[in-house]
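In the two assemblies presented below, subunit A is common to both, partnered first by subunit B and then by subunit C.
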Partner chain A sequence: MNEVLLGEEGTPGHGAAVAGTADVVIRLENVVKKFGEYTAVESADFDIAEGEFFSMLGPSGCGKTTTLRMIAGFEQPTAGRILLDGVDVSNTPPHKRNVNTVFQNYALFPHMSVFDNVAFGLRNAKVPEAEVTKRVTDLLEIVRLPEYAKRRPNQLSGGQQQRIALARALVNLPKALLLDEPLGALDLKLRQAMQLELKRIQREVGITFIFVTHDQEEALTMSDRIAVMTQGRTDQIGTPTQIYHQPTTAFVAGFIGTANLLPVTVRSHEGTTVTVDSRSGSQFRVPSGGRSHQPGSDVTLMIRPERLVPSFAPVDGVAGGSIPTTVTSLVFQGPVVRCEVQTDMGSALVAHLGPEDDPGRLSVGSRVDMTWAYEGAYLVPEAIDPEAAGITQSN
Partner chain B sequence: MAADTSSDDRGLRKGKWAPYGLLSPGILWLVLFFLVPVMILVRTALSSKASRFANPEFSWQFSNFTSAFTDYGPQFARSFLFAGIATVSAILIGYPLAYWIATQGGRWKNLLIGLVVVPFFTSYLIRTIAWTSLLKDDGVILNVIHAIPFVPQDFRLLATPAGVIGGLTYNFLSFMILPIYVSLEKIDFRLTEAAADLYGTPWQAFKKVVLPLSMPGVFAGSLLVFIPAAGDYLNNRYLGSPKTSMIGTVVQDKFLVQFDYPVAAALSLVLMAIITTMVLIYSKFLGTEGLAV
Partner chain C sequence: MVMSEGVAPPYLSRELEQPGKTRKGSTSSQRAGSRWGRRILTAFACLVYLYLFLPLINIIVFTFNDPAGRYNISWDGFTINNWLDPFKDQELTNAFIRSLEVAVLSISIALIMGSLVAIALARYRFTGSRGIEIFLVLPLTTPEIVLGASLYQLFLGRNVVFGFSTVVIAHVMFCVSFVALTVKARVRGFDWTLEDAAMDLGASPWRSFRKITFPLILPGIVAAALLSFALSLDDYIVTDFTKGEFTTFPIQVNNAFRVSFPPQVNVLATIVLIVSVLLLVLTSVRSEKGATR
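So, the complex of A and B:
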């Protein structure tokens, strides 16, 4: 597992993974959380920089919410340390930590006005009332709901409650803002609007955001860096581009977007090019991705659906490989045609064909060679079960 | 199209009367067993009696009402004082218990709430009489108390205000615990996490979030304890003395011993009026707004 984690982008070691030279706000040192026999978080070990939009992404039960709750102080780590601004806060109760949370269900106080909700933290911190009024008013301005100060939470829509929950946390100018799937309860349109809104607000206030989500698109849209988690482990930490184009595990490759994964064996590694053998005996030349690959090791070839093109269409760049397939389905999706094919080894692959790929020449049942450009393929340094080969996607 | 409209109309008309149809058994019940008896009570309160065993004659006898105040002022005052103290005691005992069950009860919650109502399996009268033997001068409790140094030798509980208030508190405690428990149980305790997250100490989280949100339960419980306690006569009869007599005792005595129906009816009506006024003032302060949340 360590080899997997120690890929260039996946390095969880301190400092290296943090964007730029910004100061570290939160440091998790080998944090473990067990509930009885069950290990919720196996080892969380990473730094989060000042002003960063950091996402923890993974399916439910991967430990992302538990990690967030440990940072907030609602749970104590079984082992390891959590440092906030260099100070160990592992066992500090939540009300003594300078981090604030936006809860999944918002958890607004139903018996208080919007103003009193937002002022709650400041008043507990004994901030003078004149300053409370000023800061609350400013924050309601930032979340664009200044005229709602006197309303009760139940008189607001879901999206408005969401903004108030955000204002209530941000008004305290925390070291980090923790967001626990805050957009989960909103409908798609509103969710997309709130994604941009959150990003705007984060830029405006310059506070570190730690965002928990199971929605990869949401994470890609908003984050500076993403930690992809599964089964209590952190599989990879990197920028959205790194996570999408250079996944370090097959899980990450499949969880972020859609990926075609094929089991291959390394034949040789020369310079920046690796030659691999597929199960059907074909050889492909693939970029090494900056890693060294031992001849004979089992790895996984990843090709994103937008990189697969039928052989009659022009390939952008140097040809990387080609697989004979049979078309099994063609679905028009507007900008692209989703074309599913089956290799002769039985793996299902998917290609997103644009107009330049001339999908009109294909029909279900037709034979076609699927090709890709040299730089369109990527080697995931992890073997996959041949049974699991083919299309993988999170939803 | 026209046929459609007419059938819609029929549907509407049916829908319009349905609520009244559903209400009618309740309305009938209230008219027969509340409104009519109250009217009879009003009529009786304005009657006079020629002799002890004569039937009351309606005669606009308003003096029955004035004598309720002039002759029985102390009993009224004691009723409300005792009921008030019993209500406050029930809150002080019941709230922590309900809070503990709601937050720490876990899977035993229902069993624990069941235990709260177990006393109801025995009759109210028998429970109250049982307390007389517990509180009597050479009973278990007094023997223990007298063993404590500096307790005066004549210290007693039976036939004292403390005995009556204790009995009232004990007998109506469940009516306080249940509604408080229900309102606490409804609270989303993630709100206390939110309060802690926003720098609230556990005490601040309780005071600013849990307590206000449970006030509807305290309000309902207070009414359920105060109203029957103010009109109660059994506790005074078995645990008190003539010196601690409450208005319920007087009404019972007038009705069943002296057969003075007019004055008894007037006293009952005055008690009803005072309680109604107090409840209205109380709900003004605590607000029924919370009940809607």
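So, the complex of A and C:
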């Protein structure tokens, strides 16, 4: 079915390098969007490759939806260019661009049957009716709702409407499919099921997906690459692994998962190891992360909660550092115990302790040295306000 | 003293069937009081309905009258001849046809203009849009006598020939407001992302209007058309000021009544009544279907 429908099986890309090796479908060149005095997008400058699942992730107001609407053609960039398959489409109206959108509220046509909704794009393109029937039937098969063709959209559940919106947007085989927070209206269970479903459909049709979301977990689950955006800027573009383990800004570190951030100053950089001074005067040895760090510069030490362990527990690998703390809270969460501690400098830190860390030996108020393996710490090449130090998380 | 279920009007039966309200518990005087209250309420409601519908019933009944003289006002015998020949009175028939012509033309113009105004007001905020909204209500609140007199003055001062066209202009004027307000109520709930979606799927702006926006606001336009039709067909005051030698159905009926009272007036009136009730039922059934489908 795919061969007939799509020509060839798409191969979703892997890793950040994908844009360099595969064909570029969409290129944003220094795209700026202003609404009056307000700058919605400061500078969007990246490539999206053929067959890639690309997410734009950020809090509301970060410019991700505006960027998507510019790619769709609903907004025109104030400056910069948008290239679709190498052609400048910056000022091409939406109905003349070969990209399709899945809207946040689905925007299904309420007066048309499911079949007519999905067929709408094909009929606009004056595809012969026999082929329309075939392709709509194929698409309804792919989204697993073939028996709903005659229904009206309001007779479907939220999840089903979502699939129909997806089928309707895919039927024209666009160069890229744009998805604007399409899972936002669904409840948690359904949302998780649809995440896997979206990924399956994307693999099946091999079309580039550009996905806008504020949910970092959603982005991590589905994406080949993620652009983390804030206040109109693109902070980092990378694979889920890269943005989780090697964030380039403190914002990314805190927005993706939970992070313990501590302000430190670079003392020396030798080989692949950087020695830093903490505010309390301790010294830690941290991997350089492939960057060169100037002695004397202020940077941020990031330790994920799963890397922080009490000193009595075995450290996995070479020891990286240790901080004396006081336990402030212990919450049992099933697989882990969430342990919050306070450093003597007043920063709050959080550790996720597994059974091997023997959390039963801790109680609120007890003194404990928190340690981490050398590999478990990471230097974010950006200074943070000491006030903002400690636990950072998006929700 | 217990009220039997069969006697109770349907709107009371729900209360009678409530299991919590045991009849044993209440005293007979309380029951008598509430029972009389209900009876008076029922009687009063019937009177109100009678008041509302008596003239209509009278009109319909007298279509079957066989009047002895020229005035169809007292019952002289049953006949269906009036229904067999509703267009017997040539003058009246001509006036009726002219009224239909005026209505169809002025409604067509008012529908296009009014709908566009409604869409513009609902979709865009622009300088003066608030002012336009206020001006739209004016023709509805202004007494017809003022509207008619001012149009008369305007046309007379410009040496405009009174007749069909001046009547149409006047009718378009008050219908536009009704259309714009009725359609706006429908358009306000319209989800404009549907138009985005249509264009996103390759439909030109015109095609997305034709395929998506128009069918979805059509019920509002139909309602506006029905309302304007009724307004245009029975308008007397404004028409009288702008008609010149031209006559419409209401004018002709009024003129005819001075010398005769033909039963065909009742027949034509009943036809208009039946048609408008049918249209009303049809649209409400259609919109209900649309809602449940």
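The working rule: the second predicted complex is superposed on the first by the 375 of 395 C-alpha atoms of A that agree within 3 Å, B and C clash if a C-alpha of one lies under 4 Å from a C-alpha of the other, contacts with A are read in each partner's own complex, and residues count from 1 in each chain.
By our rule, a contact is a pair of C-beta atoms (placed from the backbone, for glycine too) under 8 Å apart; a residue touches a chain by one contact, two chains touch by 3 or more.
These numbers come from a predicted model, not from an experiment.
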| item | value |
| --- | --- |
| Side-by-side fit of subunit B and subunit C on subunit A, or clash | clash |
| Which superposed partner A:Thr273 touches (first subunit B, second subunit C, both, neither) | neither |
| Touched partner set for A:Asn105, first subunit B, second subunit C, both or neither | both |
| Partner chain in contact with A:Pro93 - subunit B first, subunit C second, else both or neither | both |
| Which of subunit B and subunit C A:Ser157 touches, first, second, both or neither | neither |
| Contacts of A:Ala125 with subunit B and subunit C, given as first, second, both or neither | both |
| Subunit B/subunit C common contact set on subunit A | 72-74, 93-96, 100-101, 103, 105, 107-111, 120-121, 124-125, 154, 168-169, 172 |
| Contact set on subunit A toward subunit C in their complex | 72-74, 93-96, 100-101, 103, 105, 107-111, 120-121, 124-125, 152, 154-155, 168-169, 172 |
| Residue ranges of subunit A in contact with subunit B within the complex | 72-74, 93-96, 99-101, 103, 105, 107-111, 120-121, 124-125, 154, 168-169, 172 |
| Interface residues, subunit B side, partner subunit A - complex | 188, 190-191, 193-201, 204, 208-209, 212-213, 290, 293 |
| Complex contacts: residues of subunit C adjacent to subunit A | 191, 193-194, 196-205, 207-208, 211-212, 215-216, 290, 293 |
